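Have a look at these structures, which come just after this line.
One chain, chain A, appears in both complexes that follow, with chain B as partner in the first and chain C in the second.
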Partner chain A sequence: MNYSQYTVHSPQTLNEALGILKEKQSEVRLIAGGTDVMVLIKDGVLKEKELLNLSYLDELKYIREDGNIIKVGALTTYRELEKSSVVNLSAPILVDACKTIGATQIQNLGTLAGNLGNASPAGDSLPPLYVLNANVKLQSAESERIIPVSEFFLGPRKTKRAPNELITEITIEKAKPGLHYFFKKLGLREANAISLVSVACIVDLDKDKKINSIKLALGAVAPTVMRAVKSEKLATGRQLDLNLIDEIARGVSEEISPITDIRGSTEYRRRAAYGLVYEGLYEALMGTAKRVSGGIEGVY
Partner chain B sequence: MEEELEQKYKSITRSVPRVDSEPKVSGALKFITDMKIENMLFAAVVRSVHAHARILSIDTREAEKISGVKAILTYKDIPGLNAYGAIVPDAPVLAYDRVRYYGEPVALIAADTEELAREAASLVKIEYDPLPVIRSIDESIASSAIALHDNGNIARHTIIKRGDTERAKQEAYLTLDRTYRTPFQKHMFLEPEGGVAYIDESGIINVFAGGQSPYRDKLQIARSLNIPPEKIRTVDYPTGGAFGGKDDVTVQIHLALLAYKTGKPVKLWFSREESGVAGYHRTGSEIHLITSVDKEGGLLSNEAQIYLDTGAYQSFGPTILDVSIETINGPYRIPNYTINANLVYTNNGFSSAFRGFGAPESNFAIESMINELAAELHLDPIDIRLKNILMTGEEGPFGNTVRHSDGLREALMRAKRSKIWAGALQNKKPWQRNGVGIAVAIKGVGFGTLPDYPTAAIEIATEGKVKIMFSNVDYGQGINTGNAQLVAEKLDIPLNQVEVRHADTKYSPDTGSSSASRSTFTSGNALLMACSKALDRLKMEACLYFGTTNEKLEYKEGRFYYKDKSASIYELAKGLKARGETLRFESTFEVPRYPAPIEGTLEVPHVVYMYGTMLSSALLDELTGKVHINQVEFYADIGTVINPSIASGQIEGGIVQGLGFAITEDLKYDASGKPINNNYTTYIVPSVRDVPDIYVEFIDSSEELGPYGAKGVGEISIIPAGASAAHAVYNASGKWVRDLPLLPWKLI
Partner chain C sequence: MDVSVTFTLNGKQVTVKAPAAKSLLRTLREDLGITSVKPGCEAGECGACTVLMDGKAVTSCLVMLSQVEEHQIVTDEGLVKDGKLDPLQEAFVEEGASQCGYCTPGFVMSAKELLLEKPNPSENEILEAIGGNICRCGAYPRIVSAIKKAGGEQH
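Entry: the complex of A and B
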């Protein structure tokens, strides 16, 4: 592999980075952990001849608590998220997802912003971000704006990011203590597998197992990660029992629009989505699903 | 048992660390493809972009214009035979009039840098006239099919018969008629095919390349370059994995040709994707069985139609077909059988040797059939096997006398008592189903009736070391360590006095290839003979030294004793050396074999067989169809275990590779004959997290023909994995999957 054909810019500050981006726009490709970009380079399909290396931007490596919000700097790696106590306490569903991404080496390098920037419908951190009402902060030399993650993606590999913009921060809402949650991923092996289907769900059950609210997001079953809004609506306010679980899981499998590729057919993905939703909700019903602890140890 | 052995032996039967583990673990070891030589050129291969086409023209003019390009070779530049192939040389070294698989080599480039070589390769213009692509066995044998070779589309066809299957079927209580299929499997060694070649001062072409058969490679190179084999040296250590995929020539002829033509050192190293399209794979199989039993489950007859897809060329195909013939009756007593076996050409890449060599394909069929018969008859799958397996001393299915099958019987008895056979898993979720499966395997050690005369040598070095030399390549399986242990045992010296000279035709005599689970048996025996020869000679030298005659000497711990005097083998070697005598002792072992193959075969039967019994416990998710094998027990009869930890590693590795074959690995070609999944992302080999709990037990057994009673180990555990896993899944789901792999969509 000949990397010398690429011009690499390695800014030391965010301002410097935004300056380069302002000048180069789509001539330059952003590179963070490089776990997607390096694959493109190796396959000879990267169009850009210049790289904007973000890895020195220490100011974008942080996880901060701000009231009900967790702010995650764009360059935070999966491993850092997995180790963070606030994320474990208030957004553990994201931790579960991070642990399924690639394997140890990828988790050490890969960043949350990279997963967003890559915009694969199979990105595994994305369904949890959807159910955590995440917002994506985009910054340019001139301005900044915030877009809900559910509006950020336009299709496979397509986002609303303008060529002069950088994702600088992702904010997520803390999940309330006591909520049930699950992240389930179906791949063909236990590590380094691309999702055939993934499901993230946070459900608020009252004492009598009535669904106060439910959020369900699915990966790899549509051009972008999607919330199963119809099924969420159908479930809200109803008593969780085996019949309802079946109804919700069926609803989800109908609501999605998966494609057929070498990893699986449309038909199979629908059935697998049914299975994952069923299994997760069953565990919630039986009280064996995980619950958000919110830092109040020993309560749940 | 282990304690007893520990008293009996000093070096063998012990799990000593590998002789090359330290440099491998620390990373200090350089693999062959790490080699760099000053002024080395880099090679690239121009490959066919059609799976089947006529070549109309090859235009290299644009490529020649690139400065830094030192050679562009086509078929016209091959001085000798433009063909290779271990058994039948039917594959062109460089295609001339026609290409038969996607990725087939058409031209070679050598240039100053890898990038220039690849750029020049992209500029070679080849005009093709596409021909119909044959994508399956069915398409290949259809009467309307275009012929892929002059001899048609069936590379080899044979029928072997015994008894009267028609009558047996009529008298049978139950006859099942089933078709089983197995996919192509890629070797996926961590080090893709590659190497370096250069010409030394004496004009010898040195070819350093990952391989398994230094001498056969050398002959194939010589044949294509039209130079004497003495002008070629091949070195194969250290190779980063092979599994059969480097048994036939990969880069060796191309490398030698480029070095020969340019006079410069050249490196050629496949990328992972290149290995994916141009490297070999296991034969795909379709096996049709009609098998009959009596009411008690006694096997009466077996009618087998075997089709193996060899892809575009034969390589080892004819002998792979033989092994599939030999294993289609399992280790069972089957009085009547007909085996109709066919090796079929297609445009599905290029099949060659792969661990098990036709046996995993046949085993999936016959062992699944036995499990289906047991289920139909409501018999315990272990009992039906115990009823039918051949006993020691009985006549085998191919006229051979069965030696040592007691290990298999013992293994089945132990399997029956095992925890996983008895118990279903606890704490299952409602959608999880658990099932246990079994399959047994038999595999011959070595080349059957083919003449095999492996030679090995030892040298008593006066500085206190014994050097040992053989041509079996240590590509990770540990043969260097096992052989060092055998020699240390025989010479009664500490292991650290044994130094292994790795596979290199400059030093190593021809012991043949590392394949067919034969290395320990062949080089081990030859080395033990060489040790005896050395001891005999040194004893005479000791007599001279002590001024006595033979009978009065004792030998112990590397020294000859006479009264109160003693001398080490190294001291005595000095005496020999001083008189200019050789310190190198070479011996050739005659591998025991039947004088001729049975009619219709090339090498059936073998004299020595290994056996394995595999229990698998499957956890099936009924809602997603996903299968996880969570526990495996393996009982192996491999004779004396020279190094238990290395042998267990071989068994475990084979199980995991076998479970990949069983569950996720599925090499596919698209409509144009191009492979779809050619890297680790798309071709799903198991990760370490997919590995089940594995329990390995060696059955106490000893094969007198082997070195200290050893047989072989490399292939036995991959063979039953497919049928064992499929049976476990049947017991979990009630579904027989007869076409591997056990992908989730086949199970919901």
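Entry: the complex of A and C
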């Protein structure tokens, strides 16, 4: 591989980075944790000859509580999210998802902004961000704007980020204590496997197991991560039992539009989605699903 | 484009001049003579090039040289103190935890991060910590024994 063909810009501050981006725009490839970009370099398929290395922007590495919101600096790694007490208490579904990304070595490098910017339909942190009503903050040298994560993606590898913008912050809503949640992923093995199907779900059940509300997001089954809106609607207000679980899981498997690729066929992915949704809701029905603990550790 | 990068390698400050986008793995092997880090997949999937960066296990094939300025990098060589193997390395020897040995340094570094954080890890924690390392000879049971042994002995 010919490493010498690349020029790397390594700004020390956000302002400096935005200045370079304003000038270079699409000429530079952004690199944060490097878990995707370094593979492109190794394979000799990276189109851009200039890189904007974001790894020294310490001001974008933080996790802060702000009332009902958790603010996550764009360069926070998966591992930092996994170890954060506030994320564990109020957004544990994101912790579970991050733990399934690659393996420890990848979780120590990869960043939340990288997963968003890379815009793979199989990005495992993304379904939890959908059910946590995440917002993505984009900054350029001149302005900033905030886009809901559900509107951020345009297709595989395509986002609304303009060439002069950086993802600088992701905000997520805290999930209410007591809510049931699950993140389930089917890969070809436990570690370092890309999702065939992933499901993130937060469900609010009353004490008689009636569904007050439910949010279901799926990865790797459509051009972008998607909410299973129809299935959410048909489930809301109804009694959770085995028949309803079957109905919801079937609804989800019909609502998605998976492709056939090297990892699995359309039909296989539909069945897998059915299975993952069924399994997760079954656990919620039986009381073995995980629950959001909120501010108090060990309550649930 | 070449850059000059200064960082701490196994406790000593080093400065290396090499292509800015070169991987840390290739830099360590080709420019700094550190051959314990092994090129396997060079895509972050096999773990043979694992090093500690600021105490955290990372695959050095995915780290760009331009990203290690002022960081602390530790490789297997750095675990040896005054010519004596680290208890973890010793345990790998005693348990016969390698066959061809190509994956061994990577496993040692992944296990090192775990033991630094959790001196007496459970079997599950060990399996999780080495989930990103592949041993094609299939020495896993002995690797796990070695890590368990080192966990018990170190503390």
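General observations
Just so it is clear, the second predicted complex is superposed on the first by the 299 of 300 C-alpha atoms of A that agree within 3 Å, B and C clash if a C-alpha of one lies under 4 Å from a C-alpha of the other, contacts with A are read in each partner's own complex, and residues count from 1 in each chain.
We take it that a residue touches a chain if its C-beta (ideal position, glycine included) is under 8 Å from a C-beta of that chain, and two chains touch if they have at least 3 such contacts.
Keep in mind that what you see is a predicted model, and the values were worked out from it rather than measured.
When the two structures are aligned on the shared chain, A:Tyr62 is found in touch with neither chain B nor chain C.
With both structures placed on the common chain, the touch criterion links A:Ala103 to chain B and to chain C. By the touch criterion stated above, A:Thr35 is placed in contact with chain C alone, chain B being left untouched.
Looking at the shared chain after the overlay, A:Tyr3 reaches chain C, while chain B stays out of its contact range. Once chain A of one complex is fitted onto chain A of the other, the partner contacts of A:Asn53 are limited to chain C, with no touch recorded for chain B.
Using the contact criterion defined above for the overlaid structures, shared-chain residue A:Glu190 touches chain B and also reaches chain C. Note on chain A: of its two partners chain C and chain B, the one contacting more of its residues is C. Touched by chain B in one complex and by chain C in the other are residues 103, 190-192 of chain A. Against chain B, in their complex, chain A makes its touches with residues 2, 103, 186, 188-194, 262, 264-265, 267-268, 271-272, 274-276, 278-279, 282. Note for the complex: chain A touches chain C at residues 3-4, 6-8, 10, 31, 33-35, 38-39, 41-42, 51, 53, 55-56, 79, 102-106, 108-109, 190-192. For chain B in complex with chain A, the residues that touch the partner chain are 114-115, 429-431, 621, 623-626, 664, 668, 676-677, 680-682, 684-690, 743-745, 748. By the touch rule above, chain C contacts chain A in their complex via residues 1-3, 18-23, 26, 42-45, 47, 50, 53, 56-59, 61-64, 66-67, 69, 110, 113, 128-129, 131-133.
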